[in-house]
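Next come the structures, one after another.
Both complexes below contain subunit A, partnered by subunit B and then by subunit C.
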Partner chain A sequence: MVEAATVAAAAPIFGDAGLKALGAAIAIAGTGIASAWAEKDIGSAAIGAMAENEALFGKGLILTVIPETIVIFGLVVALLVSS
Partner chain B sequence: MSRPKRMTKAIIVGHKSILKVTVDALHDSNLFHVEDFIEDESGFKISKPFQNAEEVSRKLVKIRSISNFLGIEPKEPAVQKADSVLRELDTKLNQLDRSISEKSEMISKCETDLKDLETQKRDLLPFLSINLDFDYYRGYDNLKVFAGSIKGNLEEGQISSITQAYELYYDPQAKTVVLFVAKKDADRVQEVLQKLEFRDLRVPERGGIPSELLKVTEQNEADASRQIESLRKEVESMKSQYADFLLASDEILSIENQKAELPLRIATSQNAFIIEGWVPSDNYDKVVSTVNSATSSRAYVTSLEIEEEEEEEGHVPVEYNNSKPVAPMQEIMDLYSRPKYTEIDPSSILLITFPLIYGMILGDIGYAIILGAIALAIKKLVKSDAVKPLMNILLYCQISTFIFGIIYGEFLGFPLASMHAEGETIPGLIPGWDTVTLFSGLAGEQFTFPVHRTHMIMTMIGVCLIVGLLHLNLGFILGFINLSHHSMKHAVLEKGSWMIIELGVLVAALGYFGGISGLTYVGAGILVLGIVMLTMGEGIKGPIELPSLMGNTLSYARIIAVGLSSIYIAGTVNDIAFKMIWPDHSQIGFAAIAAIIIFILGHALNTVLSIIAPGLHALRLQYVEFFGKFYQGGGRKFNPFGYIRKYTEE
Partner chain C sequence: MRLLERLRGKKPSKESEKKKKGTSNYAYAVTRVRAMKSNLLPKESYPRLLNMGIDEITRFIQESEYKNDVDELAMKYSGGDLAEHALNRNLALTHDKLGRITSGELNYLITAYLKRYEILSIKTLLRGKLYNASVEEILEFLIASGQFTYTFLSELAAKATYQEVVESLKKTEYYPLLQKFDGTNLADIENELDKMYYSSLFEAIGEPKSKDRKLFTRIVRLEVDVKNLSNLFRLKKAGVEQYDDIMSLMIEGGIELKPAKLASLPYDEFVNALQKTQYWDAISDVTDLDMASLTILESKFTRYYLESATTFSHASPLSIVPVMDYIIHKNNEVNNLRIIFRGKETGLDDNLIKEQLVVI
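== the complex of A and B ==
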């Protein structure tokens, strides 16, 4: 652990490792915001529909979680970049 | 894998004189789903409710309003004989109604009294320190009495400068003034007082000294409150005394009401009735014999052919046909949508796939034991029919979590087996248990037993995607079976084509990475064939949806992603507690207690998250990825005419 810390401190941010980590971070952050944004609208509409008819819970849940795939893609990209 | 219960469409025809016995028999059997009759050109009309309907619903309204007033809730049933309850019903109900209205009237009277006393008290308070009988405030011919409150300060000199004939009582704290002056001086005195913003106070009409009156009022107030209290207690005791009776009679009258209103749902002519509906085919004979024995075979019962159109359009009511262990999964099905009559009911497949994916995500022996114990406890303590299936599902999930916990070797975020990797050793909880490297995985990782998820992320992503592909293909196979009942051609073109496409990709990949170029071309050929079949089956929308196959498969990467988040939360809690707060394990003191508190709180939080996150993600993988491949849903619930008695018996 100590060795890793000194290496990280010595290495420049825009070196190979740093850029990889930044790329992974951007992939996660961007896709996270994107799916949150998409789910926000769908989720509020789904809650509205459920207030009218509770039987719509299943369909509401499905529609709400569809954009989640975006962040999963982001995760995969991040792991591929950083590994 | 099962299909919904087979249904038989049946009609019962008879003379109106036997309608009541027929309805009674059908209701007792609780097997017949009555199809509501809609008036049309045929000349049949819906009938009127039975004669007793009005009386029954009047009593029902009364019972429910009393239950509501007493706050009676469903409870552990004490089963009573229906006829004995029915015999006592009228007298008991009237008696109850009378005493309840008496009590509530008395309560409301006491509450009004209490409010009056409150007002009286408020009127008394300003005069409290002026110890003068209220009778002295009135009844003078030549005296004017000023009784009121002022702002600012009153000097006695202000009055004495106007007249010597006065009597002043002044309470400087409450700013209450009581002033007696001769009538002839009254105007001038009033001017002085008005400068001090004098406002009249209401003088209580009762005579007496204020402090004594206050004592009496407070006494009365206490009496009234006590009386309300005792009345409330009596109502409370009535609640426990009559709860069983009210629940039982509510049930009996609800049953009577259902029966009495059935004529509104069936077709009748001048003298005859027709009841149309659905019976599970297995029970058809039973319904026939029940109706026949009740009416001495004077009613005509027959089954009708179910038209294909009715099946397709979802007119046939759907009843699950599952064994007892599978039954809890029906809750998950109902949450989405009940299966159609013509399609496969995937509850029994969910019994395996849902806990499997949940367990793969969570995979921790500690959480499995905690959550399993919670589920068992709730199942024991809460007798609600709505909660039980959910707890059973949670239990199934914990069994799978426990098994995966052993495979992953995890206990509350601690690794159980020690691991040697890249020159460092990560100690495990169980000394002497080392991880064994089985073979090398993806991206230079080692596949070990127990599986250290944090050290073989890429390999686990691969494993998850394979699980996902298997799950999706199971969906395609179910879709194939669903469609093949309809037409084999559609089944092959719409669902089989997807599997051919997968096969093509697989063969091509094998050829490409294996360096056999011939195989690559064969694979590409199969792929093209699959795409052509798909286009024939689903039109242009088929090829457009091709990338969704990749999206759906990659979606299963969430299994490891959500699992890792759970491990890292647990691991962080452990690190904070045992590495940061209490690093020296030999010393037992304040740090040890703090560490244990942090440990318990942190894991309590993660336990709650461990229900929500893996549960929702496992559910989503079933609903979106899996069901999307074959499931339609939208079946109508089989709702038999009858009642499941809880508080009474025949």
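== the complex of A and C ==
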């Protein structure tokens, strides 16, 4: 009992550090899901185009990773929040 | 957008409904089909083709998308027959490919749409058998799309009489209709097959709710109108005025055209009535409608239909509409090529061939 109470007092979830960590987690999770969702359609479209014309590999690859910027913004926000 | 529609819509209850919906993966299929469309012959190649002889055309085809088909069949056929068989084979393989790269709802609708080639094959077989065409002649016009394989169709073509052909089709949905065929009513049976096709296609589409289904229905209904219009022109020019005769040839389900109203009108009034419809734009530049040949009018209507399909495909980019657009453009390309080399083979004038081509 005593031990558990000290741990909770040392790092409360809804304390400053806990909320920061939660904020960072939400930023990463949200943007991660968002870029995955965006990449899903672009990726399958790129594969479709590539199946017909292999020369489109380069363009397809670039277009597929463009939504990756979303998760990078999330990462930046997460780092800013938790620092 | 589609996700929202899916969330708003009711959940599919019946097993068949589930099969219809499924996951269609539109992004994959549509991009692939668009890439396939970019491989169609550009319009600049048609004037060049018109200047070539049959062997040159075959070689030209051999160097294009049809390479595999020409190579495969070069052992068996030569000249015009080789090109004809290669085109048919390519068309059948393209349809087969569309079936393989699509799934769910998209696949369901495409399969329903492509049943027209099954009907075309049945018509060819019956007509061929009725007029005692040779097996080779019949094989030239068979396109093995849909549920019929080329082997099955060539077996049917080898049958001695049309009764045997009808018997072999016992397991298909066309059998009840084909049973009525007695050797004299071929035209009626053909019309009935067409009507059956369109009614089953409309049934497959169901009540269109989403934007892409509405556009898809619009394309099909536009085609019905274009067909009815061509038929009306033919009938009016041939002097058929009987209401019942005309109405038995009309297909139901068009957008704007009202065959019931137009059927009884004489030619002049019929043309005047057309001025109020959207189809007038397609033929308004034909100076003298009384004198104009049906070929020109029909190719203008086909052009209008093809252009509308392309416009629709831009309105709904991730849907069945671009796939439909590809199917009809591919079909048009095959038709154009066939017109060119058959025209050359029979020694038609280049201008006459050019009139029949629909080049987009």
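Going forward, the second predicted complex is superposed on the first by the 74 of 83 C-alpha atoms of A that agree within 3 Å, B and C clash if a C-alpha of one lies under 4 Å from a C-alpha of the other, contacts with A are read in each partner's own complex, and residues count from 1 in each chain.
Following the convention adopted for this analysis, contacts are C-beta pairs under 8 Å (C-beta built on N, C-alpha and C of every residue); 3 or more make two chains touch, one makes a residue touch a chain.
Note that the coordinates shown come from a computational prediction; the quantities given were computed from them, not determined experimentally.
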item	value
Joint occupancy of subunit A by subunit B and subunit C, clash or fit	fit
Touched partner set for A:Ala49, first subunit B, second subunit C, both or neither	second
Subunit B versus subunit C as contact partner of A:Asp41, first or second or both or neither	second
Subunit B versus subunit C as contact partner of A:Leu75, first or second or both or neither	first
Which superposed partner A:Ala25 touches (first subunit B, second subunit C, both, neither)	neither
Touching partner for A:Ala17 - first (subunit B), second (subunit C), both, neither	neither
Which of subunit B and subunit C A:Ile33 touches, first, second, both or neither	neither
Shortest CA-CA distance in Å separating subunit B from subunit C in the superposed model	6
Interface residues, subunit C side, partner subunit A - complex	25, 27-32, 34-36, 38-39, 101, 318
In the complex with subunit A, residue positions of subunit B that touch it	335-337, 443, 457-458, 461, 551, 554-555, 557-558, 561, 616, 619-620, 623-624
Residues of subunit A defined as touching subunit C within the complex	40-42, 44-49, 51-53, 56
Subunit A residues touching subunit B - in the complex, by the definition given at the top	55, 57-59, 61-62, 65-66, 68-69, 72-73, 75-76, 79, 83
